[in-house]
Amino acid sequence: MIPPDPDYVVRVQTSFGRQQAMALLGAQMTEVRPGVTEIVLPFREELTQQHGFVHAGIITAIADSACGYAALSLMPPGVGVLTIEFKVNLLNPAAGERFIARGQVVKPGRTIMVCTGEVVAQRADSTQQTVALMQATMMVVRDRPTVSD
Amino acid sequence: MIPPDPDYVVRVQTSFGRQQAMALLGAQMTEVRPGVTEIVLPFREELTQQHGFVHAGIITAIADSACGYAALSLMPPGVGVLTIEFKVNLLNPAAGERFIARGQVVKPGRTIMVCTGEVVAQRADSTQQTVALMQATMMVVRDRPTVSD
Amino acid sequence: MIPPDPDYVVRVQTSFGRQQAMALLGAQMTEVRPGVTEIVLPFREELTQQHGFVHAGIITAIADSACGYAALSLMPPGVGVLTIEFKVNLLNPAAGERFIARGQVVKPGRTIMVCTGEVVAQRADSTQQTVALMQATMMVVRDRPTVSD
Amino acid sequence: MIPPDPDYVVRVQTSFGRQQAMALLGAQMTEVRPGVTEIVLPFREELTQQHGFVHAGIITAIADSACGYAALSLMPPGVGVLTIEFKVNLLNPAAGERFIARGQVVKPGRTIMVCTGEVVAQRADSTQQTVALMQATMMVVRDRPTVSD
């Protein structure tokens, strides 16, 4: 997949920087490649549910952003991407020092982009475990200035 | 559906109070009935994605908590509920003054609980619109003290 | 929801009649209303999986057709609908004398239609039970003659 | 993943042979490995929807069986597997000479097995294309003789 925008990395990172929710969670974008992105979220107690694991919605948030920006990396400037829907399986409790969400485009389309995502937990003992698997559908939005980039 | 625990409201609300992620987002549980809960999240800019709407993962977080606690309301004390998976359709941009997530159990089982959730946006002009629809699967966890309640 | 095509019932039923898979299964369309359809499938042993229940894929097939035609009922002539994705929860074993799939549009959009479906089993003793719940996303296809109606 | 049953291939194939729905569709199991199976379905007009592509429910049926038997291959004798839910993205029209469904276990658990599946279409010109992507959740069923194997 070849991005039509040579400046896709900057455009994706700039857009990610506007996601205030990612700042609230403490997530950072660590990689942008054509059709692929990676987001890292360090563990914080403020992110947990009642058992002390990171909340499934928070894990979903970084997976969704990773998938959405994987799709956006393949768009020309001024074209936006909206999440239509996703499905997430939570494979293991989200325990760990940090969480790495990877999103990738598996089917680029003119109107619909299908992406898969996974979130891996890195433990203090250097082991890691997949905690979530996402399958997501994105819609390409053209000519709507409020939903560009 | 009749909760086996007469104190289910307190038990659910206490558990919700331990979800630090809900406090971080600013969400509050506003209703607990047998197999049904409601969570309210006021809009804040810190919750938004790049277009100014509330992030899909945040919307998912309150829908997941609403569904999970709908399931927990039907459990006896000491029994926990874990989200196995969910699917969310995002029907409209999450714009509004506040967001109300409603979760309900549609199929209570001994091991598996199936729930549906929806998130409704309330606008400044008093109109409202459904922004998300969830279909979720929860697992009942017995005899595992770290995942109780 | 008001169908733009006054002849939507005939158009939907004609298209359903072209679904050879429905004939193979023995399914019939029994109702078409604006944004809603119903398909009935009598039990046959040829439809079963290894435990004697109707195969989940077969149950999905009638739910998908019911949802797709619910969407098509709201389209003008010559415009087609394609299933992008669906998620199905199987709530109870698909045992019964016949199975009734109901599909309905919950969010009609210009490009994307979101539908929900359910399949109910009717038992010999006149009881009935929901066996499947679907949440589906359809894409509206214009100006593509091979995918019309 | 090491199957606890050394005769898992025969047990899986025997169970698949009891799925009358697979015979009705004309599907055959062509491979069984630990945590992985493959099912092949030749194109027939009887399997199509209104545009001449194989019906999404039929594509789902072979993907579901492939995933279910991938899970069953890892079970001891007498233990059954039930599909709780799945989500399917339909990436391309199901056109081709034959369709190959591959299912694999991505997270084996004591009670819950998570599987992914894909269906690839083989065209007359020897090209192939992924037509569907499944993410599925299976439940392990012990001590219930009517749902064994």
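The chains carry the letters A, B, C and D, assigned in the order they are written, with residues numbered from 1 in each.
The rule we apply is simple: contacts are C-beta pairs under 8 Å (C-beta built on N, C-alpha and C of every residue); 3 or more make two chains touch, one makes a residue touch a chain.
All of these numbers come straight from a predicted model, not from anything done at the bench.
Contact with both chain C and chain D is made by A, B.
With every chain reduced to the mean of its CA atoms, the largest distance from chain D is reached by B.
Per-chain Cα centroids separate chain B from chain D by 33 Å. We define each chain's centre as the mean of its Cα atoms; on that basis chain A and chain D are separated by 29 Å. Residues of chain D in contact with two or more other chains: 84-85, 87, 89, 114, 137.
Chain B makes touch with chain C in their complex at residues 87, 89, 91-92, 106-107, 114, 116, 130, 133, 135, 137. Of all residues in chain B, those touching chain A in their complex are 15-16, 18-24, 45-51, 54-58, 60-65, 80, 82-90, 93, 146-147, 149. Residues 84-85, 87, 111-112, 114, 137, 139 of chain A are the ones touching chain C in the complex.
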